[in-house]
Amino acid sequence: MGKIKVGIIGCGTIANSAHIPNYMANKDVEIKYFCDIIPERAEDAVKKYGCGKAVTDYHEVLADDEVDAISVCTPNNMHSIIAIDALNANKHVLCEKPAARTYDEALKMKEAQNRTGKILNIGVVNRFNDGVNVIKRMIDSGELGEVFHVYVSFRSHRSIPGLGGAFTTKAIAGGGALIDWGVHFLDIVMYCCGDPKPRTVTGETFCKLGKDMPNYVYTNMWAGPPDYSGTYDVEDSVTALIRSDGPVITVNGAWAQNIFEDEMFIDFMGTKGGIRLYYGREFKFYTAKNGALMETTPVYRTRDHFANEIDAFVRCIKTGEKLPSHIDTVIITAKIMQAIYDSAEQHREIVLD
Amino acid sequence: MGKIKVGIIGCGTIANSAHIPNYMANKDVEIKYFCDIIPERAEDAVKKYGCGKAVTDYHEVLADDEVDAISVCTPNNMHSIIAIDALNANKHVLCEKPAARTYDEALKMKEAQNRTGKILNIGVVNRFNDGVNVIKRMIDSGELGEVFHVYVSFRSHRSIPGLGGAFTTKAIAGGGALIDWGVHFLDIVMYCCGDPKPRTVTGETFCKLGKDMPNYVYTNMWAGPPDYSGTYDVEDSVTALIRSDGPVITVNGAWAQNIFEDEMFIDFMGTKGGIRLYYGREFKFYTAKNGALMETTPVYRTRDHFANEIDAFVRCIKTGEKLPSHIDTVIITAKIMQAIYDSAEQHREIVLD
Amino acid sequence: MGKIKVGIIGCGTIANSAHIPNYMANKDVEIKYFCDIIPERAEDAVKKYGCGKAVTDYHEVLADDEVDAISVCTPNNMHSIIAIDALNANKHVLCEKPAARTYDEALKMKEAQNRTGKILNIGVVNRFNDGVNVIKRMIDSGELGEVFHVYVSFRSHRSIPGLGGAFTTKAIAGGGALIDWGVHFLDIVMYCCGDPKPRTVTGETFCKLGKDMPNYVYTNMWAGPPDYSGTYDVEDSVTALIRSDGPVITVNGAWAQNIFEDEMFIDFMGTKGGIRLYYGREFKFYTAKNGALMETTPVYRTRDHFANEIDAFVRCIKTGEKLPSHIDTVIITAKIMQAIYDSAEQHREIVLD
Amino acid sequence: MGKIKVGIIGCGTIANSAHIPNYMANKDVEIKYFCDIIPERAEDAVKKYGCGKAVTDYHEVLADDEVDAISVCTPNNMHSIIAIDALNANKHVLCEKPAARTYDEALKMKEAQNRTGKILNIGVVNRFNDGVNVIKRMIDSGELGEVFHVYVSFRSHRSIPGLGGAFTTKAIAGGGALIDWGVHFLDIVMYCCGDPKPRTVTGETFCKLGKDMPNYVYTNMWAGPPDYSGTYDVEDSVTALIRSDGPVITVNGAWAQNIFEDEMFIDFMGTKGGIRLYYGREFKFYTAKNGALMETTPVYRTRDHFANEIDAFVRCIKTGEKLPSHIDTVIITAKIMQAIYDSAEQHREIVLD
């Protein structure tokens, strides 16, 4: 088997910081296309990485029989469209998170994957994070006993991205803080707790701080600067309570709030031990044994989780193995997020089958 | 009008630390009875405070026509029985929190109050806390804008009281961490947010860490020491999500958990500002104005809130004024807590009328 | 059974700081005698504690049939003489550490205990330390795997006690840093590792810094001040290597050295985990699991270890139970220390049977 | 005399980082051969340094009459074979540390040197370290008084090199932590204390953490990555006690241990002063004078010790001077290490003549 030929669809931040450099570092891969509807972005990539062809229409990539796989790095509204077209064109797909704007879109992606048999993995990169995997092994091996409650806190005080842009326009992004940040947190919970089935979901979303765009005070802005002529119709904060056949999950999240603390962590509360994972950083393990309360700070080898993710995608193209980021698994989080949005709209709890 | 004659029913910790010394300090009051089913406790109080008569049967107190008012300081299971008997005997009543073990018991207390016209106040002492009243005034005056979400966190890591005793026996206490600690936190939220009507309640309670009594590791214990021959059938932790016609309220509480942090606070999240109140301590006010994020630590005069509470009870006996601790108001919290317990039992959301 | 009558033999520092107050706090005990060859010390104790009779000759205590037990709190040279006399006089004995100056003296004490059947416990107080017991339980339960090596470091830079006094006179104390401090460290190792049998012992002792008394520079002195007319003929530092049927034990100890660090700890090195116990303080537990290195700081309930020790002595008088501080067990440390001193004298390894 | 012609035997890490660049920088030297059994390594060196000839058989180097000297930079098992062949071929030799795998091999090297009269120096590079030489001068001049005890601590918590490779295979390396790291520490002690004669040696070695290769947790690995199909039969830790006609030396060393501290230092304890040398870094000098305890941190000029070593080797080729790294001197450390290994095998002290 020769080198795997890859097309990059969407050449924005996540493509340049995560996908492209890790494909470049993988000796089994050759990038054949850089595609972006903004021509300069695609051309810049060709220049910068010294390979590939710049195109603006992703259909051109899919029409090339030599292309084995694509990475979908576009805004959320194009995820399902491109991914399904690619699967139908016989390509393997690595699609950035979230799977899609809605559960219905995600279901259609899953249906296309199941029908075509090609790979469809979602960019839930924390499943390739070394620290998260240590936690998963600890839970699997019983060190926490029964994990009966998880508290998810992704609360920041001034972090709305690109006010007025794609991130804050519901028709493009599908939602705000929940679909952008919450997807990672919920995915970590699902992964570490064995992908439990959700049973009931209740939640509320709040579009309160960003909507008065000119008066939104901030100190810096990622994916910025603000476009005051744009749209802001997504939630800047969210709260939810989810019952599953594993733990109960309580959620508080905010891109912005008037409590000026940033509390980004997940608490796994077990009968024998507990873990507080500081998102993107270290974790602490707590247990009680031999008459003493024990607080532990683990140290472990780490490698960039995007490198792990890309290498795993390439490996599974070659071996056919099913990764933990497969659409069949990741779709559960899409279902939960959809139920939170539905519950928030109806102001009542959603019972899932 | 001469001095108001008071009877103390139950001479344990809360009577000795809060009620008795503040009645003693109020020049309009005379304590006429100390009543406790443990004779030594009543006798010790007579000796210590140099007044009153020691009795073991509270009916003896109620039978005395000279007695104007009583304080109910017994375990929770006796609250409604004694309070109703006292109202029927034409006495004013200050009853310790929670109002009762169940919403039904609390309703009967309210019915007796409404029928007799005597005072029935509940010991929701935070309504007499100076810091809490500053917060209430700030919210009332609009400084936070719309308070759309409140996060209640009463999470401690090793604080189960008197393991195996009255606090941990459902038949006596009615519940665990929620009814013992949560009642104070929810009451503060209700009070500061204008006693909003609850609409939906979903919650789960967890009896996980204390139930294996011999293996419960702790470093110290209030209301201790443990009685390993006793009962532990209450929740050591709880989570809930409450919709109201005011803010959405998210709750996480624990007497004990395997996350070794103590996080005791209430976050009031408003559109214009927010407040984090550290329970029993100071608070911080956050707002964004004039292009700047402002973090403020208020300083104000304080007096012991139990002194305020007792003085207010005495004052309302004389003036007839309706206090914020009136059973009519406080019963809302009993309704919420009952709904949390019911929801936890049925694993589904409770819709309140 | 009425109160246990106790005689205190030796009313110096350890009697006043540890033995007497804890006997006073034990409701099953009455102190009947305070004995000291310095009459004022005995009389001061009678005045201070409001009980007992002051005497100067311990034979008077032993002659009283009402006395059930004695505490030996004298310098080391009197330990074996008084303890054996007391056992022969039908008294139970709690004798301060070390058991005696030499292994031969300790053997005679053991022989007297075995013959009379009365209790003879040694004041190896760390066996009643809550932290040490947590460590013992962890090792017993296999959390460290095989403990194959222990490093004992009791190195201080300027801590010679009472230069020129009883502590630094071999005829009285039997030795220096090893017999005074090392006894505690070795005893902790023995206790936590299941009292393993020693097999070979090699060691060297150094009498280097204190012997030039006038030029010994220090910043403060316990059991001081210096008596420049006195004797200094004990080791101020020691090193040893001990093989046992449990772990190998490496020892470095110093009352004084020209490295100005104080390193007082014991490292238990196991195949699965390790513990560093900071003497008299907290400990850390290290292990490697699930691909991560875990560093844990335990928290546990503690009570003064002297209180535990005295209460245990009183309890075993009443119940007959054999404590871990029994002479039969503690004598192993006396054997090891004797072998270190012998090895140092002969500059060769001692092989024990 | 023209340029000295040198052959490099073994072109791995130590050759490239230490020997070759310093020969290149010495104007009196010309490298004529790069020899390695892996042809690419030798060829790469020719390309990189722009000189010499690449060969795979060291006999070819020795057969060239123009070659004056060689550096032996191979794994330990080839040290004695190549060095002796070279001496017999009339070459001067600089052989990396340790001299050899065993004392017997080292003795044969010394015998060959003594017989041929050619130079045989060992790569005990610390003898050319400027800080170590300051310490040596301080001890020689009497500033520490009598150095009676030295404590050698080369304890790291996760530093096994190349698990499963040459370093951890006894047949190749001769041993583990002691022969790889301990050789440097013992050599510094020998050098600074005037190369005292050892009298008794007792020690134990532990092969405990690395031998279960798949479960050995680490965060990074020098000379890595692990080869799980390889061999691990060397000690990962060691302890020893050595008597000499100079100081007593106590040793604790570990490539890996379950105490997560890295304590790499040598304590020289003297009657007048002491020195703690942090290996490869600075040192502290402690003394007590004029009624005060003095702690001193010396500052001195330093040059890379490998540059010093190579220059000294070249100089002694020209002048015939005997360096402190001569086999006659360095062999004492080989004798001590052999005795530690023998003692560990026999579990008893070895008495040296």
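Order of writing sets the chain letters: A, B, C and D. Residues in each chain are counted from 1.
Heads up, the rule we're going with is that contacts are C-beta pairs under 8 Å (C-beta built on N, C-alpha and C of every residue); 3 or more make two chains touch, one makes a residue touch a chain.
Just so it is clear, the model here is predicted, and its values are computed rather than measured.
Asker: Looking at the contacts, which chains touch chain A and chain B alike?
Answerer: Of all the chains present, those in contact with both chain A and chain B are C.
Asker: Would you say A-C or B-C is joined by more C-beta pairs in contact?
Answerer: A-C
Asker: Which angle of rotation, from 0 to 180°, maps the CA atoms of chain A onto the equivalent atoms of chain D, to the nearest 5?
Answerer: Resulting rotation angle: about 100 degrees.
Asker: In angstrom, rounded to a whole number, how far apart do the mean CA points of chain B and chain C lie?
Answerer: Computed from C-alpha means, the inter-chain centre distance equals 52 Å.
Asker: Rounded to a whole Å, what is the gap between the Cα centroids of chain C and chain D?
Answerer: 43
Asker: As a quick test, compute the distance in whole Å between the mean CA positions of chain A and chain C.
Answerer: Measuring from centre to centre gives 60 Å for this pair.
Asker: Going by the touch rule set out above, which residues of chain A reach two or more other chains?
Answerer: 289, 291-293, 295, 299-301
Asker: Based on which chains are in contact, what kind of graph results: line, ring, star, complete or other?
Answerer: Contact pattern: none of line, ring, star or complete.
Asker: According to the definition already given, which pairs of chains are in contact?
Answerer: A-B, A-C, A-D, B-C, C-D
Asker: Which residues of chain D touch chain A in their complex?
Answerer: Of all residues in chain D, those touching chain A are 217-220, 260.
Asker: Please output the residues of chain C touching chain A within their complex, sorted ascending.
Answerer: 130, 133-134, 137-138, 141, 143, 285, 289-301
Asker: Report the residues of chain C in contact with chain B in the complex, numbered from low to high.
Answerer: 299-301
Asker: So in the complex, the part of chain D that touches chain C is made up of which residues?
Answerer: 144, 146, 148-149, 151, 157-158, 199-200, 202-204, 206, 208-209, 216-217, 219, 237, 239-241, 243, 248, 250, 252, 257-261, 267, 269-274, 276, 286-289, 291-293, 295, 347-349, 351
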